[in-house]
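Comments concern the structure below.
Going by the order they are written in, the chains are A, B, C, D, E, F, G and H; count residues from 1 in each one.
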Amino acid sequence: MEQIISIKPLLAVLVSLCVIPILVSASKQPNVREGWTFCAGTIKFILVLSMLPAVLQGKQIVFSLFEIAPGAALAFRVDGIGMLFALVASFLYIITSMYSIGYMRGLDEHGQTRFVSFFALAISATIGAAFSSNLLTLYVFYEILSLATYPLVTHHQDAKSRVSGRRYLSFILGTSIGLVLPAMLYCYHVTGTLEFSTAGIFAGQLSKPAATVLLLMFVFGFAKAGIMPFHSWLPAAMVAPTPVSALLHAVAVVKVGVFSIVRVITGIFGVELLASFNLGIVIASIAAVTILVGSCIALSQDELKRRLAFSTISQLSYIVFGVALLTPKGLLGGIVHIGMHAFGKITLFFCAGAIYVATGKKYISQMDGLGKKMPITYTALFIGALGVIGLPPSGGFFSKWYLILGTLETGHQILMLVLLLSSFLNAFYFLPIVYKGFFGTPPDTQEGEPVKMEEASFCCVVPLVITAIISIVLFFWPDVFVDLIKVGLGI
Amino acid sequence: MSETLALIIGKYNYWLYIILMMIGLYAMIVKNNLIKKLVGMNIFQTAIILFYVSIGYKTHATIPIIKDSGHGDGHGGGHAVIHAADYINPLPHVLMLTAIVVSVATFGVAMALAVRVYQRYQTLEEDEIRMRLTEE
Amino acid sequence: MDILVIIFILFGLLFFIGGAVGIIRMPDFYSRLHPAGKLDTLGIMAVVIGLAIYNLHHFDTLSVLLSIKMILIVFFVFLSSPTATHSIVDAGMRAGLRHWTQKQRKE
Amino acid sequence: MRLIGFIIVCICGGLLLYGTSEFPDWGDPASPASTHLSNDYIEKAFDQTQVPNLVTAVLADYRGFDTMFETAVVFCAGLACLLLLRDYSRKKERFYRHVPTGVILQVKHPEKKLPVGTEFEYMDKDWVPSDLIIKNVCRILIPFIQIYALYVVAHGDFSPGGGFQGGVIFGSSLILLAISYNLRTLVQRVKEKALGILCALGVLVYVGIGALCMPLGGNFLDYSALTRIIPWDPHHIRAYGMLGVEIGVGIAVMAVMVVIYINIASEGRHDEGL
Amino acid sequence: MITFFLTVSIIMCLLMLLSMYRALFGPTVLDRLIGVNAIGSKTVVLLLLIGFLYERVDMFVDIALAYAFLNFVAVLAASRYFHKRKGLYEESFMD
Amino acid sequence: MHWPIDMIVLTFVIFCAIAAITVRDLLATAILFGAYSFMMCLLWAVMGAVDVAFTEASVGAGVSTVFFVAAVFRTSRRTKD
Amino acid sequence: MNTYPALLIVAPLLAALFTGIFVWIEERLCYPIAVLGMLISSFSAYKILMAVLSAGVIHYRHAGWAPPMGIEYRIDTLNAMVLLLITLIALINLVASYKTILVETPDRSGSFITIYLLFVVGLLGVTATGDLFNLYVLLEITSLTSYAQIGLGDKDRGPLASLNYVFIGVIGASFYLLGVGYLYIKTGSLNMMDVATIISTMHDSNTVLVAFILCMIGVWIKMALFPLHVWLPNAYSYAPTAVARVVAPLMTKVMVYVMVRLMITVFGFDYIFSTLDLSAAVVWLATIAILAGGLMALAQKDLKKMLAYIIVSEIGYMVGGAWLGNTTGMTGTILHILNDAVMTFALFLAVGNMIYVCGHVGFDNLKGLFGRMPWTMGGFVLAAFSIIGVPPTCGFFSKWYLVLGAFEAGAYHFAAALIISSLICAILFFRIFEIGFFPEPSDGDDHAHAHHEPAVMVEAPVSMLVPLGLVSLSLIIVGLYSGTIVNTIILPMLQ
Amino acid sequence: MNSLTKEVASKKSSRRTATFFKSFLSFFLTFILMFGTWLVLSGKFDPLLLWLGGLSSFLIAFYFYDLLFPAFESGYAVTFIRFSKYAPWLIYEIMKANFHILKIVFHPRMKELIDPHIITFKTNLKSDIAITTLANSITLTPGTITVTATSDGVFKVHAIDRESAEALPGIMLEKVAHVFGEDV
């Protein structure tokens, strides 16, 4: 495979990192600060985008920084899957920055400089994880991301966020140090390298029990992926301000978890190895359980963001599920879902945030009839819900389609049933919100009273419109994503 | 019998140094009074010095100062050939001079510390100090 | 010459033995000081003078000086020993030690 | 605790005893310790340094680097005592005795001072009339002890002793002054500042001689390099280098001993003590 | 003559044992002090004798001199304690 | 040649050491400690280590004891063991 | 080039003596002299490192005598690295502690600086020397100065802590000295290389075995390996700031260095791991040390104490790594000497700043510290991450080697202990972060918009912040370059 | 007025000169003594060592001249000669004392022989050095130890038996007083 040595990946990572000092120094002038945030986001996106053509041509962009030990360096390599993830993340960063202006100023939050700084740090780490060329680098950025998001999650600095922050960290950090680190070191010990390669790195040096244990350690260890039973940090993390939930807990953080699992399965173990040990089905089953249980719990949640969180948990498992099928279609479906779900879910979070900013309402039961007041928001909500459920005309349909094809390929019909069932459940917990929003009666207003438009501020609404539109666009033109994955997986 | 005597004479210095060291160590561990501990510490250190000096001893040899041939002219001159077997090994003595100095320095500092501790707690017994500490 | 040395040293030894026994036998602190303070002083004097004489075997400047040095020790002890004794007895007095009397023997 | 201590001690003793089983006999002239290095020292040291006392030769020349730090340790101990105990706060009340009448005055104000001299006498809290006999005998002895101490320092090359021993003896002669008179006499005679400077100066003499060798082209403490400034036989210059070093040690040790004594005996107040 | 010196030294050592009895078993601190003082004076002599045994008495005289002097200082210091601190606690602590 | 003296003195040393740490009066400890140093000095001299003996005489018997007494003077004589 | 190894020691020593004199004459001169001395020393250390890297081992004969008779400095890459580390840390700390020295020891700051410099001299000497007994003397000078410095700390508890430290320190040093004596009686030599060549022929001697055990126990006591650690927490937490900052990172690490030096140079890997079979036991001991240190740290309510127990745990890392018996483990240990020194230094710098501002660092006193001292806390956070082992800070990379070494040796329990210790450290530090991050005590205030008064910044002075910043950043830099360090410094020496 | 001050000044200066002269004499005497001691101790006549000896003696004499001879008096020589006459007598007394004690010590019924008690007596000795000499002489001689001696000449003596107590102060006091040229 052709490799281009270029500093661009590093730059893409560093851009938002370098802007942090500027952000901090501009803490007294919010507009300048926001301007810089945008600037950084845009540059980052452009950098990522500029690498796209090369990647689409099947080339890899590599850049190696420091050699820690032979075979384990801090190095970047841009391939299809990473590109996909980076594209989504860096694009949505811009959108979210805009949204967060609206949100944070709308609610007059404190510590905004801290907020944007850590946001930038988090996004840097995300991009770094996307571009990492080996497990070590991935782990490094994974950890940075975990720690960078802690101040964001506990942004409110009250008792509740203290508890949530504690749970958040104990799950994320505990699993990554306790499970991933030893597993990774063991891999290195056995093979002497941690470089991702499609054939895997083990080359027959691993027995099946060892492989099983290692794989499980990785899968559970990347707790950001929210595989049960290591999922409960995600609902807890919903105490964070909505932009955080939106970008990080629908896109960056959780997807980094999933992405890591994908990397481990495809790059460390290699599809063949897992297939030969027949381990895919184990992971798939775990993922399936998470899908169903997550959906069921989501049904019972009244707080909108918590419902979304549980939805996220189950949706993330789709990705793991798809990858664990170990078939080309399954892989494709799973990885595409990273992008598709991102747009869908971020739309939903934006909507939730917008509703909160405009009306101060958090609970679904209070939201009856709100759709009339906020038609744009609710339309976007509807589109987002479609995307998550996997119905056309949204991108989500596309990924689900491939997933089902993948299950068919493996021949385990029961897995397909799981998928279908969960789609129903998804529909059950999303569509009533939209329905009640448009057709329900608001509790505090008289019937027949003319409804005033009460949309949130401009900055809040525009982003969610954009993401909703893109969600639909992706239904029609998913080519970029699919190509990238195909390039990445070498299918 | 004479063999036993030879064995005893051959090693008793080392054995007795071990006993001395054990006494010192015991005092340091068990004694409750800080100054007693200090004494134990000093005994311990002297035991080590004893050990080293015992290493340096050589039978049928004299002290490690070159015999003056009788010309009182200060530095140098007029000395017979020096046989190594005639003089005791000077090196352990040198080392132990240093060790003694170190031990007295430590002793002085420890005494100063003990005085400070007494100023604070009005006692030198460890258990009483501990009691004071828990009371506070 | 050697005989003189031996006599001196044996005398010294006698005083030392007296001192040592006296320290053990005497009934109280004050009376113990008498043998300790006096007999030992004289013991040192006798033995050291004996040794100083012995040292003059090879008679030259150096050994004479050495013998003088030894006599210096005697001189020093001569000055310091009673002072030390006095100091100790003073300390005993200040510490409030009672001295032994014939009364105690009778009781 | 006793039991634990006993067990630990026994284990240590057993370990050490186990190690002794291979020791050469006590005083065995053929033991490795008496043959490997020591022969070199015994046979060469005199020729190389012209110092008959092998211990001094090894101490101040071959292993002069050790000794330098030994002196530094002493210096450090003195400084440590000074730092730990020195108490600059003034005492609240002082006592004076009016000599002609024997009336005792208590001065409560810390600032007020009475002219101490023929009329008034400064008094310790636990004042004792200083003992006449001890005072007089010590008065006579002290200068002799001091000259003896200096003799020991200067004759480190030929006889046992040397800077350290001489320094300690000099120091204890000053301590004797404090014991036989009182601490204040010593403090008035030998100022704290002088002592403090002497502590450092002594070590500085040592280190300075050593460091002087470096610009003269030798290694650190290589006294033979001193021939560049003092034209002399390189072997003899070593002996003089050692003498200089010993003097440094003596100065430092003397000062440190006095400093430690003063500070411990007076709890750092430098007014009254043992 | 050397044998004589050796014998004298050993007798000296044994005499020290007698003095040491006082030093070890008191009963009061001052009795111990007497014992130690006595030991000290014997040690001075013993040092000289050892010097003769080594046939290097010129080296041992210095030590003996220093020794005599420092013994004096130590005894003075210890007894000086009682000039400043009253009382003799020891009996109450001996059981 | 020196071993009888050496042996006797060593025994004394051990007596002194034991006594110094068992006696229940710190001043007595100081004094016994001085005696211990005397013995040690003698021991070094017997073993031919004149410099060490000199140092021990000046340090152990002299200033150490004085420091010790001074410290006891400034603290207390009381000890429970 | 020749004089640098001497200059390294002599410059701070002379500076110490001149400060010792000037403190009585013109106290203001002390500080500049000290800084100058440390600067020269640092420069020499740098030059030495460069020379060693380019030309191999440096020998320096003190007093001009050839090794077995005289004392020589033998500086290879390991020494050179540790030397540079010591000088730099000491220099930076001297700069950073300018204010605290004046506050904590107001009327004797000059003398304090003297002692401080002597301490540094001792550490440097211990590191550079190639002579077993010289090492002891320098060890003692180090210990003595640290006793004094620690005794100067907390008015109430400092002297007692220091006295206990004296007892244990003396036992440790004495054991080491005994070990050297046992070696000496068997070999007749004191030079490390000489001893090494002689004992290579007597591997089955039980005297050498006892000597080895004694040396190790002595060094372990000095470095506070777990059951022998009792002195450390009090000593470190009651020391004055300027001292804690330099004693904590350097003292134990230099002792670890001594252990490594003894193992590599004097006794040799062959002897330790082939002839003796103590490795498994010691690794178990280290494992227990790691866990015990962590657990005891959990029980603390004072930041300094907690850090002290963390040091105990870190000692376990290094001892275990060295005793794994393979190159990877030893690499990890040596790398951890460097890393742990830097990160402990950063932590204690931060804590020093906190103490300077807040008075004491009980947990209840740290509330809202992120708002008050954001820069200090920033440095603290970085250092804490390093202790936890969060990449890319340096702590991660040494842990990496240690765990790999454990895997290689099959000591999975040790690897597990390392991981668990990371988790414990995470808990420990996030507890602090939480306390520092949340301004008010949790009073069940449920609604999202608790009132946040804008925090008033009360930062430490710039002279204390800049060093902290530098050191914290260097944590990352050292971490990123750890591969280079391993390849150029550590591995060549181990082979 | 002017002349008066001048006179006072000249008196002062002459007194100062006198004290200086006295100090110098005691310094010089100390120096000589010290240097002599050095020679005896050293036994080497190497120029360097002699220089060092001179320096040492100078330093000690410079700083501590007032210890040996606090106030220089011309009677020192006389005292010294008298003392050297006194010394043999003293030694003789000491010998006697020692045999006396020896007898007591080895006596099987020692406790019957001794009768410790303390006696006090007053002398007219003025100078400290005389008192000290007497006190030490008493300590060294038969069965008596000086407990205290105050500067006004009051002696407290512990005597081990009646016999030795009765001898005090007696002839020794006279001899000492003679040595130091004082009244009995």
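Quick note on the criterion: a residue touches a chain if its C-beta (ideal position, glycine included) is under 8 Å from a C-beta of that chain, and two chains touch if they have at least 3 such contacts.
These figures come from a predicted structure and were not determined experimentally.
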Pair of chains joined by more contacts [C-beta pairs], C-E or C-D: C-E
Chain separated most widely from chain B, comparing mean CA positions: A
Whole-Å gap between the CA centroids of chain C and chain G: 57
Inter-centroid spacing, chain E versus chain D (mean Cα positions, whole Å): 23
Intercentroid distance (Cα basis), chain D paired with chain B, Å: 18
Distance from chain G to chain A - Cα centre to Cα centre, in angstrom: 42
Touching two or more other chains - residue numbers and ranges from chain D: 16, 20, 23, 31, 33-35, 37-38, 41, 53, 55, 59, 63, 66, 70, 73, 76-77, 80, 84, 128, 131, 133-134, 137-138, 140-141, 144, 148, 152, 158-161, 164-165, 169, 172, 175, 179, 260, 264, 267, 274
Multi-chain contact residues (two or more partners), chain G: 133, 137, 140, 144, 147-148, 151, 159, 178, 184-185, 190
Shared interface positions of chain F, touching two or more other chains: 1, 48, 50-51, 53-55, 58-59, 62-63, 66-67, 69-74, 78-79
Parts of chain G lying in touch with chain A, wherever the complex brings them together: 385, 388-392, 396-397, 400-401, 403-404, 407-408, 415-416, 419-420, 422-423, 426-427, 430, 433-434, 437-439, 442-450, 452, 454, 480-484, 486-487
Residue numbers on chain E that touch chain F, as the complex places them: 6, 9-10, 13-14, 16-17, 20, 23-24, 26, 29, 32-33, 35-36, 39-40, 43, 46-47, 50, 53-54, 59-60, 62-63, 66-67, 69-71, 73-74, 77-78, 80-81, 84-85, 89-90, 93-94
Partner chain D, residues of chain B touching it in the complex: 6, 9-15, 18-19, 21-22, 25-26, 29-30, 54-61, 63-68, 74-76, 79, 82-87, 89-95, 97-98, 101-102, 104-106, 108-109, 111-113, 115-116, 119
Chain E partner contacts - residues on chain B that touch it in the complex: 62-63, 65, 67
Of all residues in chain D, those that touch chain E in their complex: 124, 126, 128, 131, 134, 138, 141, 145, 148, 152, 159-161, 165, 169, 172, 175-176, 179-180, 274
